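Letters are used for the chains, namely A, B, C and D, taken in the order the chains are written, and counting of residues starts over at 1 for each.
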Amino acid sequence: MSLEERELEVLIGPQHPASGHMRLVAKIDGDVVVELRPNIGYVHRSVEKLAEVKKYLQIIPLVERPSLADTTANNLTYVMAVEKLLGIEPPPRAQYLRTLLAEINRIHSHFYGMGIHGVMIGSSTAYMWCFGDREPLIELAQELTGARLTYSYIVPGGVRRDLPQGFEDKVEKVMRYLENRMPDYFDLYFNNPVTRARLEGVGVLSREDAIRLGVAGPNLRASGVPYDVRKVEPYAAYPELDFEVVTEEAGDAFARVMVRVREIQESIKIIRQVLKKIPDGPILNEKYMKMIPPNLRKQVEETGRIKFPGVFANLRVPAGEAIARVEGGRGEVIFHIVSDGKMSPYRMRMVTPSFRNVILFEHLTRGVRVADIPAIYGSLDYFPPEADR
Amino acid sequence: MQDLLSLIFEPYVFVPLIFPGITVAFLLLLVIIWLERKMAAKVQLRYGPLYVLKPLGGAIQMVADLLRYLFQEPIIPKTVDKLAFILTPALLFGMAYLPTVAIPVSPTFYAFRSDLSLLIVLALSTLAPIFTVVMGWASNNKFSLIGGVREGYIVVSYEIPMFLSALSMAVLYGSLDLVDIAEAQKGLWGIFLNPVAAITMLVLMYMSTSKFPFEIPEAESEIVAGAYTEYSGILYGLVMGASYVKLYVLSLVFSILFLGGWNPVPGFMANDPLLPGVLLFIKAFIIIVIGAFLRAVYPRFRIDQAMDLGWKTLLPLSIISIFISLAEVMIMGGA
Amino acid sequence: MKFEELKGLIEEKVRDLGAEVSGKEPNVIEVKVPREKVVEAAMRLRDMGFDHVKAVTAVDYPNERFEVVYVSSSYSNLDLAYFLVNLRTDLPYDDPRMPSLLEVWPSVLYQEHEEHDLMGIVFEGHPRMGERLLLPENYEGIPPLRKEFKVKTEGINA
Amino acid sequence: MAVERTIRHIKALATGAKYMLGGHRLTLMYPDDVQEFPDGYRGMIEYDWNTCIKCGLCAMVCPADAMKMYVSKEESEEGKRPVRRPGINYTRCIFCGFCVDICPTNSLKFTKVHDVAFYTFEEQIFPPEKFREGVPKPQYDKKPRRVRAILDERRGIRYEPVE
């Protein structure tokens, strides 16, 4: 029998319980994967083209949609790029609020990823726990922004809403709850010998390969590269906050999960600092604040909810180019906007962490077993719509 | 009428048809799947099945599911081997249930008494996996094929140590007759005499019935539903039920081997031939519930890890358990 | 490392390739090279420590040119990680081909493929030219990110 | 190693058992219980016919082309010139709330309604005349219990009835 005949081509997805919206084309020899090619594009929605016909403010919801679990990162990156072109800075309070939402979002994005990973290796409890414990965080975000996931909270020049009454207490309760729950997560799932057996030493990504392949986010840090945009090019309120870049050395699936777990703990720290240090003041840039009609400005001060100035409907952005990057839950988000001074970007390039991590499917799965495919897939926190955009 | 009733209580009718046979197996199926889902839901901070008979927490959810399976169109793909495809679920279920006929209900109540009944039960229970492999082949689907092959690999890694640990108890009691074995545990139960054999047997039972963490042949996130991928409707209902029935049979055997069977029989039951069977059932039920509970705790092993466990850990342990039995027989001069 | 210092350093490295180096405070350095020299320039940048590409952006200026921008930065040297080096090259409109930088930066594998798929730029030497990535396999017609591909829009009136 | 593994198995099983016997649950029993949302929830939108100045900003800012300016028939006939007023198409609306935030006269307001079912596609289009009548009421099989989400440091989230 020749080698070709030994190989079986298995199409995993897009209609498969654990493929997500993509197809993995696996060539397997017995139980060993010879080659695996991700076939992406199943949920491509052409964000970059649509952005060329939408106005600047209308693009905010558009860029959020591809990565539903991690909307703040895309929202923030996009707005930062636009602000660079506009040459405006949000006021300090808005910077803190952006940070607050970004960190709440990071925690629930990590829970999302870990939950999906859990069910991919068969632990329905990890899945349900993660998705259940995401709920208090979503509830917090909903109270702050008015929506569960698609916040559209960050707008050029600031944020849309101020902290609601009594929000600090609620945040503190949720943070304590998460801290209370963590030991149980470790006992039941992370330290479960079966989990360990499935994840340790599986899908090892060496430091050199991680750098070479341009991997992003927790997957990069799990291979020992302490790269975090929040430290490297601090934005929002991060320069004033004290936190650590979480890294692991092993580079395997378990290390990637552990980076997420420890980042949740760091995020809890950051959120507490944000609420302690948050300065008083306006939440929208003065320039735009002045454009709001006086009677509405009073209302804004009373309710803490921004009314947009009329100029937002047809925001013109000076010609030029801007690149913004943000460390989202899944990794580094890049927006590269080329403006020609009109109401829509001339070209908008959106590079999401999942798109940069898709290369790992090919790289990490050579020679692993069939059962390792979901274990590796899940550990990457890969989200097909985010990669397809 | 009277005749009919007495006919039902004839052992050779009662055992295959009522307990431990098809009726109880079927009722247990309805309860245990619900309970499994309910327990998992509780651990997972949610309610689980609830709306079918809400006052009892959705206790008859499985009746609704069964009805759904019954009336759902069983789709038979064009490319399958039709005969094998349709027959195997029935055979699988039948084979899983068949060993119940050799299981005694009480010291005086059994369909037939054989001095090899333990062997009969074990031998019959090994037949079912063959049909899973056939299913994987007949479905003409890559995932089914992988699932069938996985089942084949798993079978060889659990069967031998399971036999050995069961037989180590036969060595200890000096008999292969389940009635004798149960009666020998009037005092101390087998689990205390030979805990190594008990633990090995317990783990292997869960392994043989695809309980977590050994839910490998039908691992959803890897191979959709393994050998069962192409099945729908009542055919799927049968294959799903089969592994529970197999667990039920093995749990009964486990209770007889290690938990004293119906012993100790309380005074009020002693004179009735049937009542001790209730005790046996309760013990078996607890073993099944533990197996169902594992779903909420464990992810699943990779197939090579499960085989590793079977060959490198459990096989030596089961051999050790035979030596333990031999040593005990030597010391005590036979139980 | 200071911005001006790094800019000077890069300028020195790539001057003989006919590169124009400019900068945008505080951290973006633009390196523009002719397409024949782009591989060489990329290699020199990589050897300086710019070890991965974050984004490959192709921009369409109809009937004039295509511009391809490689946004590179460093993971291995965290001093450099603050800076983004944009390696740019212009391609003639009627012949949008350029050598692939896959050999220099393996991280461009999917990014170049995407720009090929959606913008119709040919990266010579890339193993997946001619394959579709995001578009359906049977897609024919104008690459959708080009300006001549029009998206229908509705007005504000119903 | 083996000992540590055994301890970990026991811990995992014990944790599972702890939760199985505990009373901790996160489910919101919708539709028996319906959550009362916090102020500022971005639900379906209310339109005030009288304060609207027909500026069209809402339609301009709408990212999904859901809000559009419809010709208001009666007024147009009265004034002999086309008068346009906003209407909304809920098949497209993504509840970003930009229209509400940009409205200079607060004629558009959020409500907390979000769970309305429609029978047809057309029913989901609200031209100005229908838009002014307010948002439809959600239909429940039986009257639901209204609950509020209370964040809790021991149980994460629990739902308490609202009086």
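Throughout what follows, contacts are C-beta pairs under 8 Å (C-beta built on N, C-alpha and C of every residue); 3 or more make two chains touch, one makes a residue touch a chain.
No experiment lies behind these values; they were computed from the predicted model shown.
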Most distant chain from subunit D by Cα centroid: B
Result of counting contacting C-beta pairs for A-D and C-D, higher pair: A-D
Closest chain to the centre of mass proxy, which here is the mean CA position: A
Geometric centre distance via CA averages, subunit B-subunit A, whole Å: 45
Geometric centre distance via CA averages, subunit C-subunit B, whole Å: 62
Whole-Å separation of chain centres (CA-atom averages), subunit A against subunit D: 24
Residues of subunit D engaged with two or more neighbouring chains: 12, 15-16, 19, 26, 60, 62
Subunit C: positions in contact with at least two other chains: none
Residues within subunit B bordering two or more other chains: 43-46, 296-298
Touching pairs - complete list by chain label: A-B, A-C, A-D, B-D, C-D
For the subunit C and subunit A complex, residues of the former touching the latter: 24, 27-28, 51-55, 57, 59-60, 69, 71, 75-76, 78, 81-82, 84, 86, 105-111, 114, 118, 132-136, 144-145, 149, 151, 153
Complex contact set, residues of subunit D against subunit A: 5, 8-9, 11-12, 14-16, 18-19, 26, 37-42, 55, 57, 60-64, 94-98, 101-104, 106, 110, 149, 151-157
Of subunit B, residues touching subunit D in the complex: 39, 42-47, 293, 296-298
Subunit D contact footprint on subunit A (complex, rising order): 54-55, 57-62, 125, 132-133, 135-136, 139-140, 142-143, 145-147, 150, 152, 160-161, 164, 170, 172-174, 176-177, 180-181, 184, 187-189, 191-193, 196, 293, 296, 299, 305-308, 310, 312-314
Contacting residues of subunit D [partner subunit C, same complex]: 56, 59-60, 62, 65, 68-71, 84, 87, 127
